[in-house]
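All remarks here apply to the structure that follows.
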């Protein structure tokens, strides 16, 4: 018989290195004569799309389009150190560094523009849709490129270097008390499973995942991170296990160390909650790791809901499930 | 805040190169006159290398060099401690690299690697972290810590006796998680060469080019300014590319031979050359009052660090800090341990210590809910963190704690279909 | 050495190969077509997928002499920046690309599916993509991209 | 290494008589084994260009399947669907699309892994195998062939499979760890003569419970010539569990497999008996 169950899982995750370890990211920015710009950071884009996030941050701040920004990263001869692409820190940390650097270069441009427009403060200047001009007076504006070029002829170079450091303190060694991470990210997922009571096989029918991202800088990438996290969570819950014998790996191959295929991952509904994190770039915080956390719990709890057995060791293999069902049957018989 | 580009579904520029197959991963770059490096790895989990004989391998036509521990200027690397050898003469895990062969073709390098004769003096090994914690077990890193307990983190908050006195329901349970591999799709690969400036250039896929540069420079005795790590496209990482894998070995070969060196792991080699997710044993005891409020929790968490420290301290710290789950519990006692064994070394992996404890704390929540005859959603609603909540480490969450909003969004989906 | 002749991405190609050489190695090392990736070397991950005579296969499990007389399509033969294949366009638009290592194989599997079955249902899409492993995306956006490419094909 | 690519079966057999060669069918196992160094063939005879070996046709009361028919071709064949459902089903879930496009039924037999997906259906359907060697043609039942060691003598070519068309109803189910790219941990193929609710002759074959797929004579005896009803199904489940228990003995996988086989048996029945085999 195939029995269905649903489970819920919640998780939290302190992003960044934590415990007072200096968590610093850096970025260089140059605004070019044609109004495009280049961002250099040490942050490796490991496929999650950080470069594209930095392009959006820089473009937003400069009133440009994302494709006007070249992001070049992780070449030690060229780019500054931006820390590891890990700890769910690159959108937040390097995003902050990029934003600071862009603002610094931009403020030089605004200073110059304010003089050009005879505006006593840069507060009166805005960058919008490729133009630079006086706030509230659409007649007085010029293409950004023209202003940059003018500035250049006057010897101004719109370059900058900035760093951003996350807040974190070491915890007390005896009591563990302290504020080790900031910010924390939260998430909750629901899984619906179908358990075959004869074979112990678990099919995951559906996963709904809701994650707190502060601000989704790119909703598509947020959804992609969530789905990827869920799939890894499903592998963790049901399939994956390195088999060791005296320290030797018995399954060092993708045919024996099994990760989910396209048919093993169900329809995933991904949602995000945006409550701005005041210290993040445009309110954003990281999502990479949190996305995979609640899945395990949702699946294990759903198995219990379906067939009334609690699997306490991962992965929840068909063997463990059948065994637990047999034990339960025996206990019921005793009663 | 009103934004136009931020918040929009901008297309990723790099996606185009990837759909056309143009994007260069480290395996996709070559240089004229390059040689191929293949690593000889230990089949034993704990041993001393008495002697390495390279004569036979060197006699093979096409073999350019065979290097081992004695050829490494500063034979160590590591993210927290430099406790991991570049080429080992003391083996702590199966797969520890003991030598590297450089040859004109990959086939020759592979064949020659089989001819490198290593004389191992086998030593007793320990694979069970709880056994490894016993004081009489030989410590794997006496220079770091006198026993195999690399790290212990206690968290103490409130008063346990008071907490248990308030508990109407108590659930006590053991949980276990397994070793996990990152299984990124692209096995480790790189190209290392000394360029026209006389600088060491390493083109690879990593999570932290600047760290790699520092470790290469340290091991080879070069200035940071003489080492360039250039990151090509990274075929997935998930924490598995944080530690050094082949970077220093390839750079060493390039330095010694002054030839470009190409290295590419097979999938099997890949399994042996990066870290694993820590398996954890977790003992949990959680108490709630009959109104469904969590009042006390005790947890003991033992993480198998394997053969090297890597990020184990940080990982087990993260386990401890997150062990309560996103719930307010006034009385908490948590102890987490990172323990050396002769298993493959554990390190960073997506979730980083917070992934294991989810199994335990969320199972406890459902078990408590069942005892209290309230729904799994209800028990979470009664306990979850809010702005102003205090965590087990005493940290006050001052802003952006929208777990309530997450749960509100999930709630309508908590209905199941029919059995079949 | 064995002389083989085949049509590669619509161009005739002739070369001498060893009997035990894999097609994957010939494509990458002899012909410089680096879009075909090796992820596992055992036909499990699908990163080395190519299309031979209208069928997707893992080029790590094909001996080069086997393709004598065949038509081969690699990722380099599918679309370019001026005129991307609808599948490639959909992958970019939907956001189905993360690290990109599995992407060439995924694109070829999707293209082959749509060549044979322009209006596949969800099940058929899932099955067609099940021989290509991905560790980043959770397949969600990939399956959506294939669906989108099929829908675009309708018009 | 010599590499031959004959155009006809005759040429292939001639080459095999001259050289100590290994036949290359789809290559999904052979190429892998060559790569890992498990096999070092002296010479290879690539059967891929022999079109007569790819034929799937009905002649004289037999479904004839050339040894080089791929799992994809079989899985897309209307004829196989109509006449040999168990085999057709096995072809849907074997490996992945890429593997099914390459792997052949003949290769599946030649490699003869314990979990070979194609063999239990062929056994259940009573398939014969036509072999060609220097001694000449031989038609042998698959069951008999699978009892030989080695399976095939040097230079023997698997020419075709012949499934007698006796109007058997058949079904198949396999248990893997995941839904694609799964090696069978258990597979069950069932073929029965079915008239109304009366079961005639029954053949049950199992995969992944021994060194090679095998046909259970005991089950055939116990389940033939009866009413098809709940009792019969439960009897089948009990029987198949007993067979698995005996076959696996003290192996680590035994406790799980002998339990799980009941679900696989039921699912296999459900593939050709309505109501999933749970109700009749």
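We just call them A, B, C and D in the order they show up, numbering each chain from 1.
Keep this in mind: a residue touches a chain if its C-beta (ideal position, glycine included) is under 8 Å from a C-beta of that chain, and two chains touch if they have at least 3 such contacts.
Quick caveat, the model's predicted, so the values are computed rather than measured.
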item: A-B or A-D, whichever has more C-beta pairs in contact; value: A-B
item: By mean Cα position, the chain sitting nearest the middle; value: B
item: Inter-centroid spacing, subunit D versus subunit B (mean Cα positions, whole Å); value: 43
item: Whole-Å separation of chain centres (CA-atom averages), subunit A against subunit B; value: 18
item: Averaged-CA centre spacing for the pair subunit D and subunit A, given as whole angstrom; value: 48
item: Rounded Å distance, subunit A centre to subunit C centre (Cα mean); value: 29
item: Overlap residues in subunit B, where contacts from two or more other chains coincide; value: 9, 12, 14, 183, 233-238, 267
item: Subunit D, residues touching no fewer than two other chains; value: 96, 179-181
item: Where subunit A touches two or more other chains, by residue; value: 46-47, 49, 220-221, 229, 232, 253-255, 259, 261-263
item: Those chain pairs that satisfy the touch definition; value: A-B, A-C, A-D, B-C, C-D
item: Subunit C-facing residues of subunit A, complex; value: 46-49, 220-221, 223-224, 226-232, 253-255, 259, 261-263, 265, 267-268, 270
item: Parts of subunit C lying in touch with subunit D, wherever the complex brings them together; value: 2, 18-20, 22, 41-44, 46, 49, 55-58, 60-63, 65-66, 68-69, 109, 127-128, 130-133
item: Subunit A residues within the subunit B interface of the complex; value: 1-14, 17-19, 21, 42, 44-47, 49, 51-52, 55-57, 59-60, 64-67, 73-77, 79, 81-87, 171, 174-181, 183-184, 186-190, 192, 194, 205, 208, 210-212, 214-221, 229, 232, 236, 240-242, 244, 246-249, 252-254, 257, 259, 269, 271, 273, 275-278, 282-283, 285, 288-289, 292-294, 296-297, 300-301, 304-305, 310, 312-315
item: Contact footprint of subunit A on subunit C as seen in their complex; value: 39-40, 42, 44-45, 94-96, 98-101, 126-127, 129-143
item: Subunit C residues touching subunit B - in the complex, by the definition given at the top; value: 28, 33-42, 45, 47, 74-76, 78-81, 84, 87-88, 91-93, 95, 97-104, 107, 133-136
